[in-house]
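What follows is a structure written as structure tokens; I'll ask about it next.
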């Protein structure tokens, strides 16, 4: 098997994280999937970004088994595996501990949709999944984190193809997308939205959510059949 | 027709936005007008800044029709067109989602004039236009955004040649000026003022507005017949 | 007369301001004095930092008269002149609109001495001079700003050789020192202290001032006959 | 004696502080120990980072006596000496005045464990030692600072091999580790945790501490016999 294409894609996407200011040291990871082969390439655990190379990416299947690679994969690998297995149209996943998004996750609060920067990307508040039950934490923790994310989407009746980001309560954000590049883009957008929402709440604690007509308009400018943003 | 001068001017001004830290990805756009030809050059929609070139700028008339260019113009083009059409002394327009200015826009609050940094550029609170009526949003949204901006200036009896910046409620800032460079300068000044005003409100929630004598003095240092700032 | 030594000193010190993140565009200025010649070199008004050169510095006497130079001196020149004239041991003066120090000035609050970073440089709260009377503002404003600063020191019984920084209420900070380099150093230290004090007040609105024993100890570590900091 | 290995290690670690944004001017210092020789290498006092070299590091014994070197050692040297003497498994120590950690120290508050970024490194709130008694301050201040740190650990029943960081009330953070690199890493982690905790408290003043099951899980992922983070 030749996995060079996903090794290369995962490598490039991982290297964007420090460039975008989304990680300190090794606190983040990106994966890139090949749906035909049923595997994904993911950052090795604890390896600094400036020592990464495509060859160091680890190839893992959807049950979390290492298929190829000499290094141990990211400790969050099972969360990626669960999401790839069940959300079949995802092409890439990102996990970071970016400052503002993580602060919201630690606050256990959804990020309210306060403006059009948010609405350009999501029509809803950015969900914050509650912390897991103790039994799940003591069990297969990273595996359960994947289900915690999916359960939160089910309860809130969200569609992972429309909302491509979540905060895991007390932990930090996960984002995804059709490609690893899009997933990284979503992580940077989330961090920016999180910072703006924080400042908005400080300036005006009673700031109202964006009204529905504006939510609809801005989302449709960028998405859907009549979108007119981009080329 | 030769539009190279405004293509070049719009290109240079657009490239300043990431340098000044005012944009993430493609969340901003600058245009440069030629009043004699009745057209302006504007950033193409969704094209990353590092892929821009003067040749990629799109030439558009004051009704929003593309006059020359292979790419789709910025999705905010109609807002620019309306402002150029009615505010006949504007030479350039900038739209960004810069962090602090956008937070104030999301808070739906005018930025109070707290100090001389503000007064060096404006004698009034920086206005925040209210969100539009739903009918206007559903209609020709970007076109109506231009009128929303102008209506706010009319209601507050502001002069667009004296006050060269506005927040569009729930959305983000627009700035303008006699030249595209001045409009970009205004965007950076607005972001700085917005951050200082945010911090001032946090340090002292009862911080008073700047007194009139100081407002007048500082503005006149930089502007008007007796100005003594600059060369 | 040869003014090259103060032109060079003022140039170098001015160029440090953007490097240290203390200025946006031209919102700051540094001067360097020659006490024997009774003149100082100061940044020309409104000239961007990347266009500065030693030759462009303007030579001014202690009454604010331009002695040599083709450009108009900084609009704050008279404030520098007054301070050089009356505070005879100052070698350099800096004015910036740095973000956090300016926010405290706009808040019209002294910066409380919360910790040893502050005490390493000052034994008192950093004073904030009140805004001027309207008559003074309408008169020779920059000249009066110099007196406003000196009056604040008199009222608070502060010594300009011990406390080398002040906030001018609603305006922004001024700092000084035995040399222009020291004055720039003080501007950077002030901005850092201002940010830390802001954060301290947010984390603990009842945070106590530093106790006297620590104020004394830390100041004496760096200053005075028994100092043991530095070489 | 040849001290080149610890000179080199201390030099490299010191140079990381400005790269990681943890120091302004000379407000920080790192030391590296050689337990066999019973000495450590530490930054000279007041020397700017861009003028440092391995040869300028000062060699000091555990009682604070200079063993080799022409420059005066950091004014915090005695604090390092005390900690090396009593905490026998420490290989490196860092002191900074990094912005957010110092703000917490000035607030005299422990940093609550709000999320997994914190739990990846510590299972407890990051302790803030109370300010010293006046008698200790007037005495051998830096020496007493070492005991202040150790006493705080004793009172809170903390183990310096598990918790490698502390805030000294009204002053600033100290961190340590098995190596100087690890101690610098801890300083950067502490600053990031301090910023996130600050933001969390602002977003949700009632944000709960992380629950015990998550604290345990995340710490064990990175530490202890069953850790599965890193290579």
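Per-chain numbering from 1; labels A, B, C and D assigned in written order.
Going forward, contacts are C-beta pairs under 8 Å (C-beta built on N, C-alpha and C of every residue); 3 or more make two chains touch, one makes a residue touch a chain.
This one's a predicted model, so the numbers in the text were calculated from it and none came from an experiment.
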Type of subunit C:subunit D copy interface by residue overlap (half), same or different: different
Rounded to the nearest 5 degrees, what is the angle of the rotation that puts subunit A onto subunit D, matching CA atoms? 90
Can you give the whole-Å distance between the Cα centres of subunit A and subunit B? 33
Rounded to a whole Å, what is the gap between the Cα centroids of subunit A and subunit C? 46
Which residue numbers or ranges of subunit A touch two or more of the other chains? 202
Show which residues of subunit A lie in contact with subunit D when the two form their complex. 24-25, 27, 44-47, 71-72, 75, 97, 99-100, 102-109, 131-132, 134, 137-138, 141, 170-172, 198, 201-202
Interface with subunit C, subunit B side, in the complex: residues 114-117, 185, 188-189, 192, 195-197, 199-200, 202-204, 207-208, 210-211, 213-214, 217, 221, 228-231
